[in-house]
Amino acid sequence: MTMHAPLLQVNNVIKNFGAVRALRGVSLSLCAGEVHALLGENGAGKSTLIKLITGAHQPDGGDIAIGGHVEHRLTPASAHALGVAAIYQQPALFPDLSVAENIALGLERPRPARRVRWGERRSRARDLLQRIGAHIDPDAEVRRLSMPEQQLVEIARALGAGARIMIMDEPTASLTQQEVQLLFGVIRELRSHAVGVIYISHRLDEIFAIADRVTVLRDGESVGSHPVSAVGETDLIKLMVGREISTIFRPSERPPGAAVLSLSGVGCRASGVHDVTLHVRSGEVLGVAGLVGAGRTELARILFGITPADAGEIVLDGVPLVIRSPRDALAAGIGYLPEDRRRHGVILELPVAANITLAILPRLFPRSWLRFSTERQVASEYCRDLAVKTTTVDAPTHSLSGGNQQKVALARWLATKPRVLILDEPTQGVDIGAKAEIHRIIRHLAASGLAVLMISSDLPEVLGMSDRIAVMRGGTVVAMSDAADATAHLVMAAALGQATTQGAA
Amino acid sequence: MKQYFREWSVAVSLVVLLLALAALAPEFFKPNQLIAILTTAAPVLIAACGMSLVITCRHIDISIGSQFALCSILAGLAAGAEWPMAAVAGVAILSGATFGAFNGVMVAGLGLPSIVVTLATMVTWRELLRWWREGAFVRDLPRDFQWFGLTQAAGQALLLATAATVFLLVVFAMKHLSGGRFVYAVGSDAEAARLAGIRPRLVTFCVFVLMGTFTGLAALLNAIRFPDVDPKTGQGLELQVIAAAVVGGVAISGGRGKLWGVLAGVLLLSCIAPALVFLKAPPQWEKAIQGSIILLAVAADGWRSAKEGSRT
Amino acid sequence: MSRLHTVARRASEGIVRAINVARRFELYRSEPLLAIVLLVEVLIFSRTGANFATTGNAFEILRLSTEIGLLALVMTPIILTGGIDLSVGSLLGLCAILFGKLWRDAELSPWIAATCTLAIGAAGGGLNALLITRLRLPPLIVTLGSFSLFRGLAEAITRGVDNFTGFPESFLFLGEGAQVPIFAAVAVGVWLMVHRTTFGRAFRAIGFSPEGARYAGIPVERRLTLAYVFAGAVAALAALIYVARVGQAKADAGTGYELLAITAVVLGGASIFGGTGTVHGTLLGVVVLAVLKVGLTLSDQPSELAGILTGALLLVVLSGEAVARLFSERLGRAKIARP
Amino acid sequence: MKTTLKISVALCVLFAGCGPAETKTPVLQGSSASAGSSSSKTAGKQLTIALMPKSKGNAYFISCKKGADEAAKELGVKLLWDGPTEPDPAKQNEIVETWITRGVDVIAVAVENRGGISTALRKARQKGIKVITWDADAEPDARDFLVNQATPEGIGYLLMDEAAKVLEGKGQFAIITASLTAANMIEWQKNIEARRAEKYPDVAMAVLRPCDDLKDKAFNEATAIMNAHPDVKLLMAICSPAVPGAAEAVKQSGRTDVKVLGLGLPNDNKRYVHDGITTGVILWKTIDLGYLTIYAAHAVGNGSLQPGADSFKAGRLGNVTIRGDNILLGEPFVFTKENIDQFDF
């Protein structure tokens, strides 16, 4: 593949937000028909760089050249016109409008006086969706689509816009392996049409599978661009983190204790979960693997009382429970670290201390009189245990990095001293360094006797962290096995529904 | 079909009311009475079109009552100063647009919450009008002010035709013009709109200017029904218009809503007062009935979506 | 010449120190700004208004603004949860009528009738709470409906004509001055609830993120119901004070009070989207509005000027804050953290 | 930097806002005869009279104010004119209480509702402020005199007699009132009904509708009444905006058999009287009512008029008779096609 003039040339770009110097000098070049991976810890400046290239923000220093021509006042509209398209982690779609209209609004030049041709919009949407193998009804309201479906709509929209430069920010975060392969097929097709793709992901295996070159960002600076073939996984991690990372996982030493939580035939018609039977022993990490839409988060919501169960029996320490609200679950000793950290995990505007004590207010202050000293003391205690990097416990939570916010959420549930802790994608969207720390914390919790139910789509994490693995498909548990004799292939086969030799535990 | 639940429930209750009237008080349907109701409802419909745009864009404007009064008085004064009727119409509509623009600058420019800005402008403009005019009517207007100088029948026809045209224009724009779709887009997710190259702040500003323009037009059409202009006109217009939009199915969370529902909402709420006279019901029940209609329409919709457990 | 130097230097040091003080006491938020506005009002009116700067008048200002003050107090927790309540003014009117009916037609003693009225007010708030929590309806629309429903019921019950007067002296005392200590007591109670109890923390959490609060085990429905029922009960209390002060219960009592209450809360620095806001800010807002109205009347100005200045003051304070926020961002200072 | 910016913004608004209070004081109080600073307690024994209408926005009260200004200029008193913009009893109380704090010599109030205002007026009298009522009365023990344009009986009976004349003794009529809660309107309705029952048995009232003092609403109510009650031949509008509103409704309905009658100002209704839609408008010379009220207030203020007097001299009106504590302006006057052009208010 000949490498002609670079599509995109970013040299020594600088960007500040208030006192925070988000980018200190980033250089990057993208050629036509190249898949260029962008790697870096959270807060290294990846999303800020994207915002500069898409014109959402203007750089404070350095410049950006598209197709060899330096752009000074880049705005979303002008970037759009120059063929820059971006697919964000939080899909930038219109929930109340139809799929066809969402795609059309991304493609048509925004001229208010133009007539809308609905027939044309519908047919163009249909064939774009076909091209990427997504069978989604163009007239459906986006609000009713699942997260991966919304992501495919965004990809179709970018494709339709005839984008020359396609930026994908962690597109596979919530896709299944099957959908990831589909996406790689689309990316290879884009590459053959001489489109430049900037691919951002934490999953090193994906980068090696799809990217031609990789640039690593650290603390707002580009610290190296190399062809993927010329660099190994550990080199990349060292470049990213700038320090040695010990092996990520350590198997637990202590044998698990008695069963703490046992479910038999648990189900909830509304959320599509039916006859789930499993148990979690104290000191054990039960990994729950499965494809997106297999009902893992739905199961967690049932156990935590957000969508109460309408079938089966939930028994905690031998006592049968009826959980109708998060409050009941909390009282029974069940904690739940939700999947969507920004919306459910923590309240960003509240200070760190308030977030940590939010779930235990009735216990901490039975007569409902707040005593700020006790609150601050409890909060700083947990911040010390979990090594949360924050100036003071009174700082607003939005001033912390993603990893530290996740630790604050974790601290909140540890403060409730739960008997069972449910973790839903605990390390999603968290950088490698913080991911390792969270794993260390989970191991420590299990070792201290806590029963942990860990839902994760990150296969290496599930295999490495769990003592036992349950695989869910179609709303129920289809396979159960000890970590020792489970392999990525077996788990994926069970998740996909191919014949498995594994007997249910 | 089911997401139009609220539009259908309003249309059904309107038909039920009309059937009851046909049975109990057939003279309600005398042409003279129907025309009176329609000419009273026409300005409210025009303002309701503007309000639907504002609510679809996830904002609200409770200052249109004061705007309506000011535009009526300004039009009256212009007519009193022997200006040609075209100029008088221009004064009413342009002053409306200017008031709308003021709200637009505060909401879109400074990013202030629309309910608070329009609450402040409602009080300020209403009290300003009272301080300036001290309640005096605008009197002795030239012959060609009332009904634009036409005969009464022609004037009423013109008024209804204008309202119908404005309504159909807005229905067409909201469905078939990109500009109309931008309002839905910004109301649905302003940040996504910005990234798609639409300029949400400009759209919001234009929506408030349109609201003011429609209010000015509504004030003009209402004023020419009478030989003089009452400074207290337009009292409570904002509640009536918001109720009609909400009962008609425009979602207060923005991004959704059909204008046909709003038409049914305006007609339903306009028929209540005269219906009470015809049904010989005691006069003091009017406000209670209006309140319960709003609560019932909203509760029915809420109960349906809660039962269906729609994932919004 | 050097003296000029020292003066200039000392002045610039003073300014720098003032700015630091301002930042340390978070003067950029509106409560302190409002306190300054209040000070300026008092200065101006004591010069232009006759007998303005007398303790009698100060007591009078408090006495006249008790009803709106009470409504603004209970509107604060509601706005903190991100909701709003347009029906408190109409509920005040309905409670005034029902109190009159219970006292005159049902021949109950004023104090028994008063307690029943408080229960009725709470029930009115309960209706709002039921529609908002059970059916998850937007508070703006629910209270828009109950706004005309309560006012309509008040007019329907009295057939518009009937009104109630001639209350016994012991009850009328409630309107002569007894309401100021009651107002103070409710104010302290609401302040403690919002700033020093878990309920207040729950209101703020719900305001910032309703789902986040639910996931943290906060009983969101119960807390919202508390806010709206409490508002209903206090609206009834305000109705009793209104009837005692005016000496008469009529169907149009409390018209427009809800908008004044909301103005006071927003002026006091609360965000209409929920989460941020303080009770002492609201109280300041109430006093600023009351002083403005009474001060203008004492300065022989027409009452419309009070309306114009209230609207203008609200717009200026809000745009001032917005401009300051934009200005500070452009100057590279961190965003104003609003707890 | 940013805090000082905000403080200066707020200050300039306040000064600008209250600035008009400084510079515009004379303009706003154009009605008050004497200029000079507002706190005029000590400026010689110049009487301060505080005059309050039911609602400032009403054309009826604006014409009364013309008379009051004239009298205030003649007597050299300081006249304060304020009141709620909408007929609202609570606001009337507030303004009276504030006047008490301000310290005025005489308060003259057109009472929106009797029970409510009396507590405030009694408080004023305890503070030594003379109190009189005009246009509509408070509790007798809350004021010295009532300047009564005409007794409710006088107004009610005249309205009924005129109505009977138009209906030629039989048929139906409808009443459009301001609001159902206005005290004096309830009085007038009682007297109309009493007169009807006593003298015109085959005349009947078909319906009574409120119009909230709004001309547009009166127009809609009149249209609905004409269609719902086809045999109503007369619309009796007893609040000033309702008379032209109802007349315009009759004109637009094209009904020639329906006539309009009511209490209203000549200027509002000249057009409809000449068209023959409005047979006549009953009222009193509102300018004289304002004029007489100020003279009465002045006389009570300087002690020359004591309770129990039977008459007193009121400037150009000459000697005015007093019946008990009612200072009578005279009998209500019917403005018809013949004499309406001679009046301009």
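Letters A, B, C and D mark the chains in the order given here, with residues in each chain numbered from 1 onward.
Note that a residue touches a chain if its C-beta (ideal position, glycine included) is under 8 Å from a C-beta of that chain, and two chains touch if they have at least 3 such contacts.
Here the structure is a predicted model, which means the values were calculated and not measured.
Centroid distances built from C-alpha atoms place A farthest away from subunit C. Centre to centre, using the average C-alpha position, subunit A and subunit C are separated by 43 Å.
Each chain gets one centre point, the mean of its Cα atoms, and the points for subunit A and subunit D are 72 Å apart. Subunit B and subunit D have centres, each the mean of its CA atoms, that are 33 Å apart.
Residues of subunit C found to touch two or more other chains are 155, 158-160, 302, 304-305, 308, 312, 323, 333.
Within subunit D, contacts with two or more other chains are made by residues 56, 85, 180, 210.
Shown for subunit B are the residues in touch with two or more other chains, namely 127, 130, 283-284. Every pair of chains meeting the contact definition is listed here: A-B, A-C, B-C, B-D, C-D. The residues of subunit A lying in touch with subunit B in their complex are 54, 56, 76-77, 80, 86, 88, 92-97, 101, 105-106, 108-116, 141, 143-144, 270.
Every residue of subunit C that touches subunit A in the complex is listed here, in rising order: 196-202, 204-205, 208-209, 211-219, 275-276, 329, 332-335, 337-339. On the side of subunit B, the complex with subunit C involves touching residues 60, 106, 110-113, 115-117, 119-128, 130-131, 239, 242-243, 246, 252-253, 282-292, 294-295, 298-299, 302-303, 305-306. Within the complex formed with subunit A, the residues of subunit B that make contact are 3, 175-179, 181-182, 184-185, 187-189, 191-199, 251, 254-256, 309-312. Across the interface of their complex, subunit B is touched by residues 84, 131, 134-138, 140-142, 144-153, 155-156, 158-160, 259, 262-263, 266, 271-273, 302, 304-308, 310-312, 314-315, 318-319, 322-323, 326 of subunit C.
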